[in-house]
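Heads up, the thing below is written out as structure tokens.
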């Protein structure tokens, strides 16, 4: 996944405005106008780096000419203590942008790092880790980018770019078969049809009705195995997704059932900031 | 802290747009236009509820007439299993707003719940829990509101509404004394002057230079005790804040040193979504 | 396809602003403030009506309380002379909104009417008329709605909600097979993969590579027939689309080749305004 | 008429966003990142070129450094087969901007080409072709620019920059004379006063009441002749406009009645896209 | 001149946001939530009232249900001490909106009051007072509305809705005659052509070249008289405007030269706030 | 106070749009496209210059490459006749930006000049001139910048960045003591607490209740003296502000009472445009 540069700057500008308000009153009072300094970014724990371009954009919004000297790239494994970027600028620019840049890089790296821990656990299986729509409001695209940096793949970006018939839709439509048939008639011909089911029998019904993807929701491993067996007995091409309460501890067991995709809400809704700091040195 | 209703609706509308994109293609394909349903919100763990008004706003943006029937209020302790709100609407409105409403309430309640756990730990001391600027980009005001719902107090909302001289400012100004003097001359007469120090000697210097608030950063308990003693020897009115790597485990010990304020980044940057669901029943 | 009411009002408001600028100087100078009038909308040719809600929104933006009394609905066949809606309001509101409302309804009805003429021609075949991205800049969603009102179906809304490998992509990827393989690995698992080909051999290659949809571009009828035969020999489920220089005169012949979908750029890029007027009578 | 460069980029950016949504998923999946290509624009029919700057802006929004090598300019007559511009860029930029650029240039050139066909027909008379407010919602300024490129002149840009008393105003004011008198008292002293009339007697009344411009609406040629005679008998400086159901076939006859201006709605509301393509070659 | 209600609310909302920032911290700290109060607006000097709707809009933006009980209307003469409006609301709404409402009404009434003083001075002559583009940036439409409330008339709203050839244009075009001729060929047929001249000879040249309006800039009374005589000798319909350093003291003398229009920059650029207060009483 | 460059350009762009509307129709009609000219800015009265960067931004928005050659800087004393800046550009750019640039510089210089006249009067005392929130709606930050250029200091930028308990708050809270106590408990610990009082007794009560700043509102000089005496008897660090009907004539007398701050509404709400012109010479 690639994020558009214009979008990155738009985010950086909006987030800076949130923090700056009418201006950095402390720096205006205390720091000599024109004083120069160097800022150095340090990883203070092991992590997967993510968000460098956002960090650069924050300072570039404040001072058009600025460029980060980066010593690492998004997706790289950093050890605690690694200096991964630095920049020289007026001290007032460094002080104004510091918190916004850190908040972004810390959250994005947290998601990439957490995603990678899931991806590493299922190495060697055919399964892939995918994200969910359980993202922080306003940060959907940023967080989905971080998922790909961590080695995951993306699921729907919104309600408009994928057909996913969930339990509530099934209830409203009056059954799995009826819901899938309606989707085949009415949904865009460009999209596959995915259905959420909670039992092996439901999985079977979904495939028979013509679902392209079946999501096995909150099933125990035994039921996952049974569902995979039933689905594969009907179709070799149907994609199978496991979902629900996936943790680093159970993800490998799930992957070994033979599912194609494992969706994990936690990689976005439960990532906690990694520890990164920015040190400022007068020049 | 109170959030303006207009602001709440603006957030709700922006976040909905992020999720809806060009529309909910699944529901348009599968659910009969005009079908009605009831949505019920359930706490699936113990938590402090926060964000009900945001939840209501999400659905009201989609359908002007809608109101939540709420059975709890922001700040209330909910037990796992509690139904705290419900609403009746067209199924398409419920399905379109569900994820956005949940994402908001889950994150806000997470912050309120985590804050409350810190607040409860220091009950009986004179210290207060305050937040930091380590918030999710774009959600600063929302997260600061959640902190107050959890019983915490707010620190700066941005770089513009408080004077906080940090280590980097001190380095640029050439010493604590010089930095405080500059702030007294140049900063707004309406604001107090806070200085971050990392040693008891620094604390003493700050008070002598006229600081109104001294932040003791990343000190061990022994140093906190010594700093409080030195500061109180000079002034009874100076506010004392402890900061840095505060956890639920060490917060009481810190509070008992006699500080007035304890700032905790984790209550915003490390809150992980609480478990809440919305059940939809056809009517 | 359904358009969100909020979106309709946003369009109406933007288009009104374009026409009103700083205000309707003629009406302010000539018409007594407070004078009431009735406006009646008349079809001056046979047409398929489309855009009534937009017409209502234009006047409602100017005067919150206003409602159209409609005597027809979107998709209805109107004969020349039919009065299809009327409203009572202050004359200044009618005069300010008249042109914007008419411009919208005239263009939307033009698209619906033209689409219907294609749809009618292929009645009885299994083919469906779909639109393209050859829409008026800024009006994509509005025009796609009009297509559905005329009985057509929608193709991609943008470059983000469908995978369509066109000749230029094939050239860049180095062949049809390679392009489809790349898409199967890299594109979202939620989307089908469509490929544009210009020869029967290309169609065969596309299906073998795993394309879900094959677009037969600018082929003569003989080649269409041959392509359909080859594709169906390999797969019964692959969707087949015909595209390129489709006219009312040749559309039936194309439909009879057995394709599933026929995309027609002309229904949006070459629709010319239908004749509709609004008569204003003083009350 | 000149369009502001900032405005052109604003339009290009808005229209690109409409087409790109969250990104070009096909190109991201299929085309190697960094691959370069050349795009060539070709006229596939005879036409008057219009919109080159918009085409350039679309690609420049995607990639700041890009410039079109243009081989023709707005207003130039192109023959079918002419290559009028080309550019080199990353393939992903060419593929992302292609449709938006074409949609703009095709519509603008269509309007310029159609306008020119009217202008050419009345060569040698003193009449001028002017446009109306029957433009595509959202594209008023763009379409009015295209009219001037085709040799036409502009009428009102909105309800605010010209006083035009139409039949509905006359009805509300209680007669032509009364309406003109009200306009002379109340309208801005900076604007001329134009009145729409439908009979020679009305034309006479308008001039006597002090109208600066008389619009003869939907009159037959005999009535146009009579109206021109009556108006010129009263005033040599009053401008005379003919309006209503003007076609390429009848425009010369109308011009020969001696009117100064002929307004034609069709040049904007009934222009259909000219045929232009963009060919992409890998580099 | 009438201002659109939507526009008034948009202004009120923008200006409130400027003053409120993140919220009224004093009232939130000091005033009991839910406390009700009455606010009364008082004129503390003689004045022409202007801006009541803006005042109401400020409070209505804060609390949708609120209405001012007004005891006077825009354009009314108020004596010092007059209570002209009051409203009941929550105290927090009154305190939040007070300053923004007062700032608007005080400036608008100042302009209306100053304009009226010029208008009164020329009572009985045929001249009219008109404004200029020397308005406060961002408040053009508001200030022009206030001018009409004070009995003046409006000049151009911007560079786009009137043709005024000033000395700088004449210099660039190479003479008055040439400039007027260019305007007659190139400018919109809907607009009159006004020329600024600084001598009686220039006035004569302008009329001969076909100017519809002649602005006599910065002339002494003798030259004004001579210019009026020369212009009227050539044309009875040309409008004559006097401009430049017009004061309340010399405006009557200027009006008596027989000019039609007198433009006065001071009514907008030199109006100083009238004294108005809002008294808040607990209920 | 420093204004962010991005903010300056945003203001310039917004104000230009207000004046330009759809474009400068006079210049387009009369001035040869491409003609170059020089613009020179002249002070036509003695003044303190303010707003040069805004003037530059206006032209730079119209033509990216442009720079003012400035011969003076903000805060400099200019004598009548001084040329303080010039620029070369296309005539159309100079003519389009002239009025907007002048309107800004004239108002900003007016405020700086008026502020300086107050500041000069109290030279040698310890008092400082501060502004109020009685600024022009929409121009708060610009006008507060101008105050600092004139040698004044800034008071609150909005209701959110300072705690000021006014008479209305006292009335709602039920007394000065109660209001201050509430503020000490509830307001941000980062802000000082200011209270408005109208009698010496009130001043005493405020200090006893713990106010950090006391504003003496509308007091006679005798009462100011008495209040200062009472306050200083209780506290040497409490800041004392005088406010209300301060004029150039009485400001020195007030300063000599020993107050620290004197707030003056007139420096913003009653500044009248200074006389500045821009002369354009063809090149």
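Per-chain residue numbering starts at 1, and chain names A, B, C, D, E and F are given in the order in which the chains are listed.
We adopt the following convention: a contact is a pair of C-beta atoms (placed from the backbone, for glycine too) under 8 Å apart; a residue touches a chain by one contact, two chains touch by 3 or more.
These figures come from a predicted structure and were not determined experimentally.
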Duplicate of the B-E contact set - from A-C, D-F or D-E, the pair where over half of the pairs recur: D-F
Per Cα centroids, the chain farthest from subunit E: A
Interface sides of subunit C and subunit D: same vs different residues, half threshold: same
Where subunit B and subunit C are represented by their mean Cα positions, the distance between them in whole Å: 47
Centroid distance [mean C-alpha coordinates] between subunit F and subunit C, Å: 54
Interchain centroid distance [CA atoms averaged], subunit E/subunit F, Å: 23
Multi-partner residues of subunit C (at least 2 other chains): 21-23, 28, 157-158, 160-164, 188, 191
Contacting residues of subunit A [partner subunit C, same complex]: 130, 153-157, 160-164, 188-192, 194, 213, 239, 260-261
Residues of subunit A that touch subunit D when the two form their complex: 1-2, 4, 6, 141, 157-158, 161
Contact footprint of subunit A on subunit D as seen in their complex: 22-23, 28, 33, 61
Residues on subunit D engaged by subunit C in the complex (per definition of touch): 11, 14-15, 18-32, 35, 37, 91, 94-96, 98-100, 102-104, 106-107, 133-140, 157-166, 168-169, 171-173, 179, 182-183, 185-188, 191, 265-266, 269-273, 280-282
